[in-house]
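Each in structure tokens, the structures are laid out below.
First chain A sits with chain B, and in the next complex the same chain sits with chain C.
What follows is the complex of A and B.
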């Protein structure tokens, strides 16, 4: 009614700028969902109904946990920007496909609550939420989300565990295409290296993601792995192996660039990526976990404020 | 949703078009202007209607009537001139005596010429003697094509402008900054080419391009529109009564004070419910809530934007994506600054270089959270300035 009372010629008044580049948070998340689709499809192809179940529980629990937290905090609901859904799915990507439903729900809810809502909401947290969820799970229920233990029904090997416990010969027989297509045992989505790479390329092409962090991260992984490989080719896996196994691609395109947990200046982003990549290989080489990708991401997150000190001089500043 | 272009340079195919002469104008005046006409007084085009009481050669110009007519109202922001009353039975229609051209304008120089220009309606505040002068020949904003059109279509007038300025202020060096693919030169200017991508077209960045210095204190920068006004006065030897305004794809010569609504109607530009209208370009323009406002003489464009074409701005939280940081030509962190403003910690923004902000609006343009970034930043700058002013006053009264 109030509308009808206005004179016919009334204008819409907002303030400058009147143009906008058109990118929105919702648009970014929609594109991220599209980018995750090929990997999800491959996961379902490989693990069938198990994968569907894990993905569905994770997505649902994340959205509900966010809504609940927002109700308690008396905030507006933001489920329609899909950030919670994406967060839940990314968390699910790091689980084995047979994780029990209750555990997926707890983990996904904790991803949202501990990784995000305690800091004030999406984009406030200094850490990558899905990585937080995974770390909490790994420490609390190590057996239930152990890739090898949970996927005994599949007569395949988990490349990184093989490498860790049986040395380089054990994985020498795995071909690069099989690694890229996720034909080995692994986390549900994280192992779909090629599909995640495609998804990441899509995000970059759609200008939803800057290349700085993914490229420098992959470069960091490559260089560090190459260095180890040069030191002792008998003991350390070649760089391509590391690039296409475990969560490398997931970390490069979806976890490392997590908006609030990564630096904002160009140089800082490049260094952050390189650092994260190096840490990943170091953890894989010396750590007690076969992958530990999420730890590398969190560790890099911790250094974000330091990297962000590398700033340009403000215009006209002295 | 559409993806707008940030490149400002265009190929000019059109010529300068003439907008019809309005029957009523609202000529904007500034608080410092002293009206010298009375209500109901008949005025002729070119007659002084408000003066700048200051005596110096550098300052805001006088205001002149831009049509023949009768003063209808004198408001704090504008003087309204309407059509003269119809002559009564047996009376002669009023005769309007327009001012004579200043035939001897070319005998003036230095401060006397500046003063003369000021009295003819030019803002001479920017013309300070013996400094480097940069002429910003880039279109100021995307979609605003006045500068390049004038460079192509009104070169003699611009050269006349440079000539007058050289006589008035004897600048050390005159640079002309133009887009990379534009082969133009003016009179004796040193031509510098620059990218035409907004925000690189704004004055401080153009100065940087031309002189290599960031915010130097001995450089003045003027736009092609500024230069055109000087040249136009030099050419006609008459007071300034027009503005050159981009509307849609065309550039029009408009009587200063022509109501925006009339200009939009005359150029068949849609407006009304569901449209936003602003003076000047789409990035920094001033929004209008009333279309009867008169076009100011330094207006470069009327921007109209349909509602719904772009995502709606709202008080959304910043999620630290850092896009604004990458887009900011000033090398500061707009997202961080805006959050300080949001939480009423304006004082904190000082040490984070808010003073470097160039007010270009790029941060708001790229923000995927659609935050009103420019407003946060302007609010902070305004509050800080107010605080400083208060502080200075306290010190003085001590």
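What follows is the complex of A and C.
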């Protein structure tokens, strides 16, 4: 009873830590946003107003969904720390630029709600939230999210669909620079391979991202594609084609290293990346979707607890 | 009579089979892609569950303890076969829809669970009330889940269009992943509701410790732990 009588402000007792290195979630997300900017700029340059619309709806719906969920769950508001914004934008990066607004909103909200908030929030979900959103949307409305079908007005081709339905000859004419600069049809952000590579390099340089997962993922993609290419060069695309089409770069730098859904120790991260890359190529080769990048990411996420069993030996441990 | 009423009503909310006991999930996930399927499956389960409960309760003193599970399954299996034949005779389209899941009622945890936990220990009338209550609870849950998934996944309810022709169905809901996500959300909702009600009454509720499944030994163990904790909390206050 005596405690209640004391004024609250004079005796504030907090627990450790008292000393911070200054790194915050908001800072991390600001860097991620900066890393996404070149790809966004390229997308806007290529698709104009449509890309702006999709990106804006996705970001808005994600932030609102997170704020709403935190209100219902009686949690502290963290919707302004950019995690939801980045989640929504990453989801939008996997859509064609002419996706209807309502689909973008539903998908972006589900990205946050089903991919993140049902598990307790950012940093607690065992799966990569944007990949969850994309998978739910693809299963529900495959025709409205199909890249070839939605971008009929553009006089270009979607490399992976061409490869899937018309064989290797159909994509043999596409040059590597055009693939890297996203001068083909594709998901609005995921197709900007070179820009995403630059963004990823920026994240690694800023030490917001360790290189193990991206590099091992790209290596996994390269090696598996090379293996298929060696088996039958007439049927399977060369590895560089797979590296710079579809969502490979987006998955490598932004989806696979999703915090809380990827392993933490070096060896485990390397194996996780290799596994994800191999699964991506296997899905692209045998799956019914031209680019099953999100499925590959989710499958790799499911294996994270297994990879996490690989742990460093503690100093002095036996 | 009062206890019969109690045994009957517990299946409707307090021990609602799929959402509280989390029993019999195979049909809950597999056949609930429309409200009709859920209702049909539920009716089949009511029939089998009630009769198997009564029969097992009648013969509970005859069955040797060691082979009781085999006996329960034999009784349930004969009932399921008769249900299957009745369905083939009177509602063939539903039978085709439900397919393998009608024969699979035999191994439904709910049937075996109620036989083991209740019917084998109680007189026939109580077993009847229990089976009927559990069956109706199961049917309501299945119809609710089926209706929910049909409403969003196809845009209809019991086959009647609800949202008009412009509605673009959310096909995720009627597919397999939708079943898991829906069930998970409903379970979370049930726990939330329980805790909210308890909060209004000024109590605290542990969703695991207070789950209404006293039948199985795992939960009895949890009960003991919970009681012990309560005692430990009380003792210092006394001292």
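Simple rule for what comes next: the second predicted complex is superposed on the first by the 297 of 318 C-alpha atoms of A that agree within 3 Å, B and C clash if a C-alpha of one lies under 4 Å from a C-alpha of the other, contacts with A are read in each partner's own complex, and residues count from 1 in each chain.
One rule holds in what follows: contacts are C-beta pairs under 8 Å (C-beta built on N, C-alpha and C of every residue); 3 or more make two chains touch, one makes a residue touch a chain.
All values reported here derive from a predicted model rather than from experimental measurement.
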Original post:
Of the partners chain B and chain C, which touch A:231 in the superposed model: first, second, both, neither?
Top reply: neither
**OP:** Pick one for A:114: touches chain B only (first), chain C only (second), both, or neither.
**Re:** second
Original post:
Given the touch rule stated above, what does A:15 touch, chain B (first), chain C (second), both, or neither?
Top reply: first
**OP:** Please indicate which partner A:23 is in contact with in the superposed arrangement: first for chain B, second for chain C, both, or neither.
**Re:** first
Subject >> Touched partner set for A:139, first chain B, second chain C, both or neither >> reply: second
Original post:
More residues of chain A are touched by which partner: chain B or chain C?
Top reply: B
Original post:
Can A:74 be said to touch chain B (first), chain C (second), both, or neither?
Top reply: neither
Original post:
Just chain B (first), just chain C (second), both, or neither: which does A:152 touch?
Top reply: neither
**OP:** Using the touch rule from the top, collect the residues of chain B that touch chain A in their complex.
**Re:** 1-4, 142, 204, 208, 214-215, 271-278, 282-289, 291, 303, 305, 307, 310-311, 313, 316-323, 325-326, 329-333, 335, 353, 356, 358, 361, 364-370, 372, 374-375
Original post:
Given the complex with chain A, which residues does chain C contribute to the contact?
Top reply: 168-173, 175, 177, 181, 184-185, 188
Subject >> Residue ranges of chain A touching chain C (in the complex, touch as defined) >> reply: 114, 118, 136, 139-141, 144
**OP:** Please name which positions on chain A make contact with chain B in the complex.
**Re:** 6, 8-25, 27-28, 120-124, 210, 259-260, 262-266, 311-317
